[in-house]
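Below are two complexes that have chain A in common, paired first with chain B and then with chain C.
Showing the complex of A and B:
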């Protein structure tokens, strides 16, 4: 067995903002909190990010265990390999989502021991009372993972929320179909509430839910406005930090704490902008992180970019909000909280459709890149292809090709490794590719001078 | 009706199998519109009803993937990459459009790549839900009605209920023929080899349904007439996996000394063992079949009863097949990067083993060179079965 393997020494990433530096301890406390909640007998649910149920579980005081987060933490601490190997020994292919593999390996081990595996990062992942799967176009592991976990926890019930959004098509407008999408999502969320009521013996407090939905709306707007501040030259905050500041957005939505966090971040960024304080003192290249989840074990690569004079004022990854007041419907008029959440979901995913339709050959994902490139004065694109996750990492090459066709040629780099599996990563190689990319940026810049 | 396949069963199969798409190419020249599709989850009934010919896009294990990589990441399942590579290389130049279902991430996430790279006059994504509950079924019906409307727009005419009902009848007949063919595998030794069956099913994916019914009928007659020509072999094998649209793997097992007599594959039992019920609104029956009756890892079946009952609900059809076809061993043949099947491996394996049937799990990359490397493991498995 691999118990004795010690995690490799890991370097900590330098953050630019004070807000980002507070995230690590926050996550640690949250994970510790779930282990404690288990001891206190509070209902615990395995949960996925971006699944529309944040406010619902918060309103019912159910403690979420964000399984993707725990796998990410194991990855960042460079202590995921033993869980991946454990999953492999269970006959799960190493080509599958490594968040899921890490989680399944952990669960199999914890259930076998009847306690946390030895030296589990940050105290371990608490055993759940229920598992809330989801997906539908977000990813397959969102409904396969928890189903597979039931092999180790056959007594733990799963609820799977159907959560589609209308596809982008040429021959019809998404508005022709949006009503039945919303109707379906509302039904699915109703089913979720019933499921939670049944398994916790609690009743949903609908007024409280409405308040939290409203709080989440305000948080969305605040995040959007805060991130827009990063347009400033020099930019006060880069993607490296954003990979931290996404935590309240995706793991704490619908809580006052999340709102307050972004209020403070907003103040901090404004202060930095007023003082012309950039992420780095001498900003030479402005890049967009144009797709892909990060390699959690190699976040110091962002510092490496910084050392070369490159910053990332914007990213598409984890920017899971739009300003709600920009939607083509007035969400405040939709008082039923489930319907409200459903419309917010559909409007979020279709947000770039109209714009894409206006540019022949374009596509919503490409259009979003174009908009960010212009708004944030971007010189180049960096993407990351994590081999184990098809959801966010298929279509990157094609987007770049399409961007070139409908917009312009812009220097780009696709890094390759994984979110969790460090064996896919080669630091020397990665950095050599970054160096070459910086040379290209420099060449383009000097041509333009 | 064109009489292409008349009078010949296995010979027609060989022709269509060897030159995959030749019949579609011919029909295209005669003015027929051909719609390509991926995966068993495209309701071909609706395409047939619209007057188009549904054509299943397949990959080729013999053809190294070279062109696809310029547009599509290598982390996509190798089967889909191979299909796309074949399309980019002009093998399916006769297509008028493409229909892609929400099957799995590899298929769903590549829809735009197919659509923007092939520049076909028609494209459509069928947003099939994962769940099978009532809200999911209602939603799926709405999704299929959107597809119906979209196809009508492309066809420039309405698709009537009557046409749909007729198409349902045809595709049900086609499935019944395949089931009849499978009956011939129950004998020991089987009357038809697994390699031959695979060839028949592949050929059938490339011709209009009426012709397929005819061809299958001819094959069945021919096989019955030729009688028991196959030799006895040491074991009867069932293969379980995703889309296996090449005979290479089945052939490898049969070359190693066993017969493949049953499967849970596409094309194969998974897609031919359940019919569409004829309902007043034909879309209702179609939705019901694809969402609830076709059992595949891409669909999330809600848990009813306890965990054992849940496994029975998900995999019970496999054990019934093992029994019905007198299977000695199961080969679980899964592609790399396949999330829907990959996550099920431990459960399927232990479920089947718990019923007393040994299972060999193999992961592959859908190419001749990788398939070849599996030979020794298959031989060892057959030896193990022999020693039982």
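Showing the complex of A and C:
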């Protein structure tokens, strides 16, 4: 009876910052809040992170259920297998995105029972009133997942927001076409607002939306400034914590709570830096988490790195903001909130294009890595290939090879497993690789001495 | 008074022990196996007998390999990447890239000044490891030791399309049933494993000279298949199974030397040969 099995809960990861330690309870309360909202009859929407519509749903008081987040929670609690197996039994391929599989398995089960599956992690994922796809260029489940969910919830409407950005080419300037992209995204967002108005019976409060867009801009800047503090030696916060502190960034954007969280984190990091309080007492190696979503069931691996004297002052994963004031366009002059959001989206994804063009053979993702390696005084790169997430992970090895070609040789480690499926993970092998990587870092450092 | 150093490489398939002072005094290679693994101490004992030394005379013991963590009589555990690098650096100083094909994993190591500066590893999939040949040899009813030589007699090596070891076994049995000559099938298997290892190690930007170590290096068919992939000859140490253990012993020597230079006293394990506690 696989479905009845309740695995033992994983020991919690040790956090370095007070802020990161608050995230678990915050997420638990948020998930519990969605179940409560359902009972109270508030409109609920399945939503994707980095969706461009955060402020829109907040302005209309729609309660988001972040389905990727819930799958991640199931993974972190090592309780996803029963939902993955359920999806597989529904004829979904095991090689699909395991966030989607976990969510589909959960939904199939919940809809069959008419209530939450037994002992659902943190109370379960609330049934939505609508599902808001968010198709990025590189992630197909964001288009298809909710359409597949309609097999179990045919009464729940889906709106799929198309969110493209100009692709990178080194022989043309994306600015030639950026207006078209912005126009397209604005149309998509207008369609979303109409869809939400129709299905909630509420009217968009455009003034409130503008206020929230401004709040999100300020939050972006604050996050950027806060994360930049991690350049300090020793670094006050590592990627293990950042995998927690990303929660307000990607699940609570456009809320005062998110802004306040980063203000407190900013204060905490400044305090730690003033006191020379590093993530670990004896920082020997500074690493970058150079790509790949984390294995949510194995976040204690970050503690394992720490125990070896390694810290991660920076990561590319879930650093989904840039300083707005660094964009080559003054967003404050764009008063239409939908247009404003569309420009922010396009400018974020094209942020590294100009830099990449200056270095032959480089690429925006590579250039970002190089900049972080320089800025954060990085000794080595760690990447994670999550087998089920092709779209985000397919280019990692290429990026690494290009980086070594156009920049310099730097020790690197590729970890292999998954975001949710724990059967892909072997702790002993992973840690053997980490040990070997630490040896190579030491060898490289000692050659330089 | 002479100093003696022991390196013990507890691999997934074979356990290797080396005792050194200025050179290798004694070495023993024994199967790891489920029961033998618990008896690593006996392999060590055998090496001590060969070297005509009591255990108490061993200055420092370094354990490496898959089971290194649980060798209770080791003074230190060091990863096989570092040990292979040190061992190859000592045996073949001109080598810049090491390809190690073991029973359970395969790895590529980039060397600079005899130390590992980068590596890649396959520990996820049996294809590309010794296990691939072991399993397919069994499926074909051929002795593992004969596989390499037989592959060299292939006239038209077949393409093995399955990268999964289990399915590849079915595929080769089907080829046999189709009447494909055995050497051509075995030749195809060697090409498949070489292609898999080569594509992994290429991530390191392979530099000459290249050394092949581990059990895979004892298979002449695999050596040739890899040389074909690389386009030039590879170097193979005299006993390719021992490079990790030699490296472990040498790193032990380095550690003792460094401690002496700093005037430090190194902590040592009790010189009592206890069973490795891998399974407990």
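Operating definition for what follows: the second predicted complex is superposed on the first by the 445 of 449 C-alpha atoms of A that agree within 3 Å, B and C clash if a C-alpha of one lies under 4 Å from a C-alpha of the other, contacts with A are read in each partner's own complex, and residues count from 1 in each chain.
The rule we apply is simple: a contact is a pair of C-beta atoms (placed from the backbone, for glycine too) under 8 Å apart; a residue touches a chain by one contact, two chains touch by 3 or more.
These figures come from a predicted structure and were not determined experimentally.
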Chain B and chain C placed together on chain A: clash or fit? fit
Pick one for A:172: touches chain B only (first), chain C only (second), both, or neither.
first
Note to self: Just checking: does A:274 make contact with chain B only, chain C only, both, or neither of them? Give me first, second, both or neither.
What the structure shows: neither
Inquiry  = Looking at A:143, would you say it contacts chain B, chain C, both, or neither? Reply first, second, both or neither.
reply    = first
With both complexes superposed on chain A, which partner does A:401 reach: first (chain B), second (chain C), both or neither? both
Open item on the list: For A:89, using the defined touch cut-off, is the partner it touches chain B, chain C, both, or neither? Pick first, second, both or neither.
Closed with: neither
Which of the two partners, first being chain B and second being chain C, lies in contact with A:426: first, second, both, or neither?
second
Report task. Could you tell me if A:440 is touching chain B, chain C, both of them or neither one (first, second, both, neither)? Result -> second
| query | Which partner does A:411 reach: the first (chain B), the second (chain C), both, or neither? | reply | second
Partner touching more residues of chain A, chain B vs chain C, is chain B
Once superposed, chain B sits from chain C at a minimum Cα distance (Å) of 5
The shared contact residues of chain A with chain B and chain C are 397, 401
Residue positions on chain B within touch of chain A in the complex are 70-73, 75-76, 102, 104-106, 108-113, 116-117, 122-125, 127, 129-131, 133, 135-136, 138-139, 142, 146, 149-150, 153-154, 297-298, 300, 302-303, 306-307, 310, 334, 336-340, 342-347, 349-350, 361, 363
As the complex stands, chain C meets chain A at residues 66, 78-82, 85, 112-113, 115-121, 123-124, 203, 205
Listed in rising order, the residues of chain A that touch chain B in the complex are 90-93, 95-97, 100, 133, 135-137, 139-141, 143-145, 147-148, 150-151, 154-155, 157-158, 160, 162, 164, 166-172, 176-177, 180-181, 183-184, 187-188, 191, 361, 363, 365, 385, 387-391, 393-398, 401-402
Listed in rising order, chain A residues that touch chain C in their complex are 397, 400-401, 404, 409, 411-412, 414, 416, 426, 429, 432-433, 435-437, 439-440, 443-444, 446-447
